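If you scroll down you'll find the structure; I have some questions about it.
Chain IDs A, B and C follow the sequence of writing; residue 1 opens each chain.
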Amino acid sequence: MKEFIIKEFKQIFRDYRSMVILFGIPIAQVMLFGFALNMNLKNVHFAVLDKAKDDYSKNIIAKMNASDYFILDKYLENEDQIERIFEEGLIKEVIVFESNFGKNLIKEGKANLQIIADASDPNTANMIVSYSQAIIDNYQRSLMSNNAMSGMAVPEVQFKYNKELKSVYMFVPGVITIILMLVSAMMTSISIAKEKELGTMEILLVSPIKPIQIIIGKVIPYVILSLINFIIIIILSFLVFKMPMNGSMLLLVLESLLYIIMSLALGIFISTVSNSQQTAMLLSMFALLLPTILLSGFIFPVENMPTALIYTSHIMPSKWFIIIIKGIMLKNASFMDIWKETALVFMFTIAFIGLSIKKFKIRLE
Amino acid sequence: MSTSITISNLSKSYEETKALDSINLSISEGEIFGFIGPDGAGKTTLIRILTTLLLADEGNAIVDGYDVVTDYKQIRNNVGYMPGQFSLYQDLTVEENLTFFAGVFKTTIKENYHLIKDIYQQIEPYKNRRAGKLSGGMKQKLALSCALIHKPKVLFLDEPTTGVDAVSRKEFWEMLNKLKQDGLTIVVSTPYMDEAALCDRVALIQKGKILDINSPENIVKSFPFKLYGVHTKNIYHLNNHLNSLKETHSAYLFGESIHWTLKDNYSANDIVKRIKENEFNDVSINTIEANIEDCFMELMTK
Amino acid sequence: METTVKVNNLVKKFGDFVANDNLSFEVYAGEIFGFLGANGAGKTTAIKILCGLSKPTSGDVNVSGFNIYKDREKIKRNIGYMSQRFSLYDDLTIADNIKFYGGIYGLSREKIKSKTDEYIEELGLQEYVKRSISDLPLGIKQKLAFLIAVIHEPKIVFLDEPTSGVDPITRRQFWNMIYQQADKGTTVFITTHYMDEAEYCNRISIMVDGKIEALGTPKQLKEDFKTETIEELFVQLARNAKND
């Protein structure tokens, strides 16, 4: 019994792969979760439609800006701009002050003030609103102790795109992203690695088939399967979860198709550097799935993470795709709204295809 | 007869081990050529270089007129290859496997059925069985059919008889001989010495080096010693005893008998007389012809 | 004569398929017993049962004096086993492997140490001592695997195609080791695809389609079946096999 344990230890320590799994990955995960799981708000961009432009509104704005949580991004001119500014995506909150804000506040003890939050990410929206309310509250209390105000303005809160703060609105886009990535990338990588492992790849190489044909032959079934999966998920999310579909279905399908192709290209790339199905699976799992879940912003808001992780998330194609999906489904985004993100996913696709072609070994070594 | 394959000064190393050391040989069209040697001799490495799956460190090789490095695409279009372990798709049936490989080579089973008829007919009754569920002998036949379906000019078989029982091995060689009649060049590697006799010419390979290249008949003819077969009841002990004698050049167990050679001009009969008197009183000897295994061992220990 | 293995009416079924069909035979102490048969004839199934790795569907099996049903664990501890597919741990050194297997079989530290020295001496492994098994040439690996299989001096050792793929000289050296071991009184139960090796055995059995079709000394069998070599005999029997 003792000998068995000793032997196991020796084998474990001498195999660098098991070392990576035993130590490297847990440490990476703890760090990742520790930093990602940061529920505090930071640097939320907000805009203001200040019809009053008096000391009181200006003070509230200044106080919000001064805090670590908010960054004043823009002054809006009129209501029509509000919709646009949310669709652009950067602004998560708009504060609207009525034209006689200060006067009404002092004279009558109440004034109209609106907090509109982008609730496509309901948890964050909730926090944003709470923090904003707290700051506004604080300010008013300090006024009251100085000036004998008769009452406080209670802001009217509006959660845009997700009135009931349904977390499913955030969830479904995330799940679509993960599943497409999983089926396409992981399955493709395993399938190609399997040919290598079984030795059938040898025969395929010594034949007229070109490597590109092997790849396409492997990829097409998974494209079809992924599309079917996608349709099933969409149908489910409409029927069961009552996800809104405010944008163009065609655009959604096209963007998803692009994303599927990118995932497949990624899967092929993983298979070119894996010699066995096990390696392919592990790589897909740890290098793809976990970071995607964590860093795409689908569970934990990316804005809250340390800067290093935010930059890392920029290289996760899934992050951009989630923005695209949410934009289309919730915010009725048109192509012009999401062309930047689309371009990024497109570039990733080209890059992975290029890398795969380069790394695909036409020989055995 | 024209040359099908030329190998010049081919060498390949893996880290510190030299898998192939300056191999030189040529193979003629239409012959069955055997690479004979144990595991680790370099047979698989050699075949993989010829089928363009590996690059040699030094030297070059020409297969069917094409260079293995610069013209690898043409070679891949024109050769048949059966790797060790019969790589087939286990979850596909016999027929599906064949259809797939036919398609890969841009032909159909129908078109070239006559080429593989003799072999395929033996497994055709099982054509709907999954390849994974076939016996070793049947897998062999399927792999061979898949390698021949496109009418290759050269056929490379890497240890096709390893792990297969004696009956299937025999049948397999019978099939190969029939194929030869169509003008196909066949290159086979095997660790079984007795299979060397079934080839037209062989290269005996050990630890990356060639020990000899010739027809099996010539190799056997050039065995440098008079060979004796020695019989007795207790061959293990006699073998030890013979090996301890200063007159013995070599004494090896060979099934029922011992193959014995002597140094210089010692007289076998004298020694046998001596032995009989001492303990092995039922010893008998006769002169025998060497076989490939005798030659291989002699060359190994030179 | 002492019997090391006693098999009576051994039957092993997998569903409807009968892999071992009423096998009955005995193996005597100190003999070299060749267990032959084509792939799929049922050899591996039978060996697994004899090694205590699998249970029979019915029949009596006794190995080294232990009953397969009551003392399966004791059987496992009192036999040696070497297979061509698995033997030693490639990523460990020679000494590690010996220590590991020695420990598994309950050898004392001193015994392990002396065995290690003995094996290194016998195989001339001095220069390989600190290196891992994967550095060893195949022939030496096989020999070392054999020595380790008998490190605990069992009554019987099972060898599953131990000389596959090895060069002819090493093969004979390996057989020398087998002979030496048999001389010491260990029973050697061996399967092989090399028909000439069948001739080295004291007795052999040939399985076809789950049954034993021949059992006896090589000489006797050749006389009975009127063949010159065991290979001929084997081909004759196996050609009639229905199982394919």
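Rule of thumb we're sticking to: a residue touches a chain if its C-beta (ideal position, glycine included) is under 8 Å from a C-beta of that chain, and two chains touch if they have at least 3 such contacts.
Owing to the predicted nature of the structure, the values given are computational and were not obtained by experimental measurement.
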Note to self: Looking at chain pairs A-B and B-C, which one is connected by more C-beta pairs in contact?
What the structure shows: B-C
Checklist line | Most distant chain from chain C, judged by the mean position of its C-alpha atoms | finding: A
Notebook entry, point to check: Whole-Å distance, chain A centre to chain B centre, using C-alpha means?
Noted result: 60
Notebook entry, point to check: Just how far, in Å, is the C-alpha centre of chain C from the one of chain B?
Noted result: 26
Notebook entry, point to check: Quick one: in the complex, what on chain C touches chain A?
Noted result: 89, 91-92, 96, 99-104
Check: Which chain B residues qualify as touching chain A in the complex?
Finding: 48, 51-55, 72, 75-77, 79, 81, 83, 85, 87-90, 101, 104-106, 146-147
Check: In the complex of these two chains, what residues of chain A are touching chain C?
Finding: 2-4, 6-7, 10-11, 14-15
Next item on the list: Enumerate the contact residues on chain A facing chain B in the complex.
Entry: 198-200, 202-209, 362-365
Notebook entry, point to check: Which bits of chain B are touching chain C when the two form their complex?
Noted result: 37-41, 135-138, 162-168, 170, 191, 193, 206, 236, 240, 252-256, 293, 296-297, 300-301
